[in-house]
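Shared chain: chain A. Partners: chain B in the first complex, chain C in the second.
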Partner chain A sequence: MVENRPWLTIFSHLVVLIGVAIIAFPVWMTFVASTHDAQTMLRSPVPVLPGPHLLKNYSEILTQGYARTSGIPLTIALFNSMVMALGICIGKIVISIIAAFAIVYFRFPFRMAAFWAIFVTLMLPVEVRIVPTYGVVAGLGMVDTYSGLIIPLIASATATFLFRQFFLSVPDELAEASRVDGAGPVRFFFDILLPMSRTTIAALFVIQFIYGWNQYLWPLLVTNKESFYTAVMLVARQATAVDATPSWNLIMATAMLAMLPPVLVVVFMQRQFVRGLVETEK
Partner chain B sequence: MATVSLRGVRKSYGGTVEVIQGIDMEITDGEFIVIVGPSGCGKSTLLRMVAGLEKITGGEIAIDARVVNELEPKDRDIAMVFQNYALYPHMSVYDNMAYGLKIRGVSKGEIDERVKRAAKTLEIEPFLERKPRQLSGGQRQRVAMGRAIVREPKAFLFDEPLSNLDAKLRVQMRVEIKKLQRQLGVTSIYVTHDQVEAMTMGDRLIVMNKGVAEQIGTPIDVYAQPASLFVAAFIGSPSMNFLETRIGADGSLALDGASLKPKTRIDPGRAVTIGIRPEHLSVGSGFDLKVELVELLGADTLVYGRLSDGKGLVVRLPGTEVPKIGDRLPVKAHDGAWHLFDSETGKRLGAA
Partner chain C sequence: MEKRVTFNEKTLPYLLVLPQIAITIAFFFWPSWQAIYQSVLLEDAFGGNTRFVWFDNFAHLFRDPAYYRSAMITAVFSLLVAGLGLSISLLLAVMADRIVRGATAYKAFLVWPYAVAPAVAGVLWGFLFNPAVGIVAWTLRIFGYEFNYVLNGGQALALIVFAAVWSQISYNFLFFLAGLQSIPKSLIEAAAIDGAGPGRRFWTIIFPLLSPTGFFLLVVNVIYAFFGTFGVVDGLTKGGPAKATEILVFKVYNDGFRGQDLGGSAAQSVILMAIVILLTVVQFRFIERKVHY
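And now, the complex of A and B:
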């Protein structure tokens, strides 16, 4: 299509630029704030260009932490977040791919009932079932453990559903061909289905990693010891310190670092992510 | 290499809908059997029952005298070629062919040797390292064949393997499959809805209709002596001409002024359908055909017309002698080329 309407081009670019500015400006301000010292950030007007304290702020927050509230170095919190996010993400993928495999490829009584049960119960958000879940986790002595952080969050209706849809789109003949070739269900799963699900798994990895990383309410409930705090929790705790003027430079440095891993995951897995959502390899 | 026996094989879903209504057949070693029929006749179901992908509701299937009713596909020692090839998309051609052997625990060296040999036979050696999506339809078809032959099974099962190919490639692959089967001498069962494939490839055909084997016989038998109206109509292109009539008091048939003598005695007054193939009619004194439409095919010409009593008839004339539309064309039937069928049951009664 040949189109030669310069004003339309300018207009559409303008819309896009405004959109980008709205999204990017707060991130820019966060970054700027993390490069000044505490006094500058409390003075008006707030600076819009980076200052000279970048290295100092980041090394302080990483090694010593935000002394006024928790005092644990951010490295520990980042490590905790990473363990939780990876645990949730991998756990979700493993559990839901197995569940979807059972639902799609095996005929057993109440198969559809099982599917709908998974589907309906997990439409409830974490918050609705959080009190009983906490009761169970506390009863099992999993408070202040990594398993307590991870296990209650690893069931996933979304992922089960996505895998189910993908498996349904795999031609039946493939399963039949592998049966004739002599592969049992387990071999079929590992040799054929799993490699074919590569892109779907990548897409889910991205979504679920971000989901796990951004968890706030659950870690807040289930951790008492500071050594189990996650990065996202720290950001919030620092901003609500009551008895002192907040050190915005350090808080913003924490926020920047807490934002980084999800961004990296998206950047590096973007291609597989998009392919997983749009393409079915057959 | 093996014999396959079907004894009263039945299949029903939920006990009510019977899709295969009792098929009996003995397939001898090395034979090429084609199951042919319109879609929904149960031909694929029958093949899948032999493969072990569908449960058998009644009767028995035996491969090499061993009843396989309850055996898993992998224990039946068969290989199957699917309509959409069903190649594993993430594996290279080599791995696709080697997969079944690997599972069976065949040694690496022997797998390599067998795959290479099959690849050579099928002329797919240059593609061994490629993925299925990088191949054309015909090449994928060869890989699917390759996957079947490396296994060296007792029987090959083909489920409409050529229907996804274009017309030219189909003819070429048809010849190759037949040649390959001859060369390997493996018992094969081949399902198709294409009667040309059936006629050209099969040693024997099973013509199926609504779950029943209407006729089992060599292609020539099926063509020359169709056992029922259905077989007569299904085999041959263009289709056989059918005319409804009645046996006269003297046991002969009156047809558009002429009279036919059935070779076997049939009760007078019985309603019969007589059939004649378009290629068994030629120009000559017999009936008068009013020409309505002419199709030139190059090698021969199809003439569509009507008899004086309004019944439609198709004639296949050699060459390109074209009668004009609206002309009267005198046609005569070849000796003994008429087929007689019972109008009610559709069964063959004889010839005339």
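And now, the complex of A and C:
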């Protein structure tokens, strides 16, 4: 810093520490709740330090589930979430990178029309066209299928833009050289462009994995069968079930496991995460 | 910007854009058109007959006090979410930027809430403030303040604001921090040599230079409060008590799926579409300006 002001530095640490504590507090309480038995979690005040029932709660929720709202074990919902998150994130990257490749490296009629058609989707989030989009998916027989969970969400203007931006920054000499050497567009794409896009792909992967895992409204619409419920859906269903005494220990164990995978991705791939977030600008 | 070097192929480029375009047409354009189309139709309760009713659905909506109430709630909600979210994360970013030692550790501790689904965030905050077992509700009661979001509409709204702000703080924080770190140190040093203290430096140099970031984040946060918070509401209050937290996005879902009022829900969709298009245009105009900044 420009000058030494010890008090101000201490004050800064203090403010940030309080911020960190407040931000972490809900998750701490969730973790604590997931380590006690159901009776303890019904008496107010609830404990603020972990108890001895961690393994029991987690194994119960993973193998049997939360009987009050649905019989499915959390393992199935976690599997569904994983399929959906990976499907959305890989699907988005694949169809966006090839679309951007076409738009940047070819001249063809309707090229700009295609570009704008993709661009406009930024303005049509699923939340504003809930009922008709459900109608399309139901008409195609995609309710209660993995393709229904994944395919309608994999069109991506942001990913297409990001790849377009990156391809435009790739020196023309590379394409020229490979053409002189007799390589066609497919060869050029796989041998040169794809390896060069590694960092962009990694950044997008992190952002889109979190996006896919945390989807809530869409799975709520297109799943009726419990065997297709996602982990995030289960958490909300358990917590808002009104008719029975809640077992907070099990609900919170579900919540912990439902947030673990995306949080781990952010913590361990923080560099790619920040890059992806800042570059996609949502 | 265009490439000088391109490949000559007749069909390959079409095949490459086909998947993206097909999905866009099937799941974006067609449903949006359907929403516009349904918004001028009236379907009877048994789904048999539909009638073309011009703008009756919209007129009905604009005469409906419940719609006004939902719009007002959404306005208050997004104002609070954007206002609180931006000021808290700006404070944290400015403080974190001052810290030299341990800055990366703090950053790691502040970014992970982004990875928690809004619906899960709603559940976590609901648990903290649960009238029966919530630790915060219990503490407040000791201080003589009764907090019961299940019965009190104002408190329920406050709670979904907390949960929504919590979910969005990491995003704002990262952008503010990036903005702060891109301000040239020499400017701040020059001001310090001229005798400006930290407070003065913040308001006369840092804050104005940060305003493009702030404006961008304001738009993003309003879009988030309008459309990204469905999960928070559904995981926490389900629009209640007595529709006190029924924001517009939740009402579209509720009227269309629960209430089966397709025409009314479609008219609401069209209005929301207009709002999101407006906000996106504002956002992009701003990004264009940032390039020349």
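Points worth noting:
Definition applied: the second predicted complex is superposed on the first by the 265 of 282 C-alpha atoms of A that agree within 3 Å, B and C clash if a C-alpha of one lies under 4 Å from a C-alpha of the other, contacts with A are read in each partner's own complex, and residues count from 1 in each chain.
Rule of thumb we're sticking to: a residue touches a chain if its C-beta (ideal position, glycine included) is under 8 Å from a C-beta of that chain, and two chains touch if they have at least 3 such contacts.
These numbers come from a predicted model, not from an experiment.
When both complexes are superposed on chain A, chain B and chain C end up sitting side by side without clashing. In the overlay built on the shared chain, the residue A:L49 is in contact with neither chain B nor chain C. Of the two partner chains placed around the shared chain by superposition, chain B is the only one that A:D191 touches, whereas chain C remains out of contact. Looking at the shared chain after the overlay, A:R179 reaches both chain B and chain C. Taking chain A as the reference chain, the count of touched residues is higher for C when chain B and chain C are set side by side. Once chain A of one complex is fitted onto chain A of the other, the partner contacts of A:M112 are absent, as it touches neither chain B nor chain C.
Closest CA pair between chain B and chain C after superposition: 6 Å apart.
Common to the chain B and chain C contact sets on chain A are residues 176, 179, 281-282.
Every residue of chain A that touches chain B in the complex is listed here, in rising order: 171, 173-174, 176-183, 187, 191-192, 195-196, 198, 281-282. The residues of chain A lying in touch with chain C in their complex are 1-3, 5, 8-9, 11-13, 15-16, 19-20, 23-27, 29-30, 33, 41-46, 48, 95-96, 98-99, 101-108, 111, 114, 117-118, 120-125, 127-137, 140, 151-152, 154-156, 160, 167-168, 172, 175-176, 179, 184-186, 188, 210, 213-217, 220-221, 232-233, 235-236, 239-240, 248, 251-252, 255, 258-259, 262-263, 265-267, 270, 273-274, 277-278, 281-282.
Residue ranges of chain C in contact with chain A, taken from their complex: 1, 3-7, 9-10, 12-14, 16-17, 19-21, 23-32, 34-35, 38, 88, 91-92, 95-96, 98-100, 102, 106, 108-128, 132-135, 138, 166, 169, 171, 174-175, 178, 185, 188-189, 192, 198, 216, 220, 223, 227-228, 230-231, 234-236, 238, 249, 252-253, 256-257, 262, 265-266, 269, 272-273, 276-277, 280, 287.
Against chain A, the residues of chain B that register as touching in their complex are 51-53, 72-74, 78-80, 82-84, 86-91, 99-100, 103-104, 133, 147, 151.
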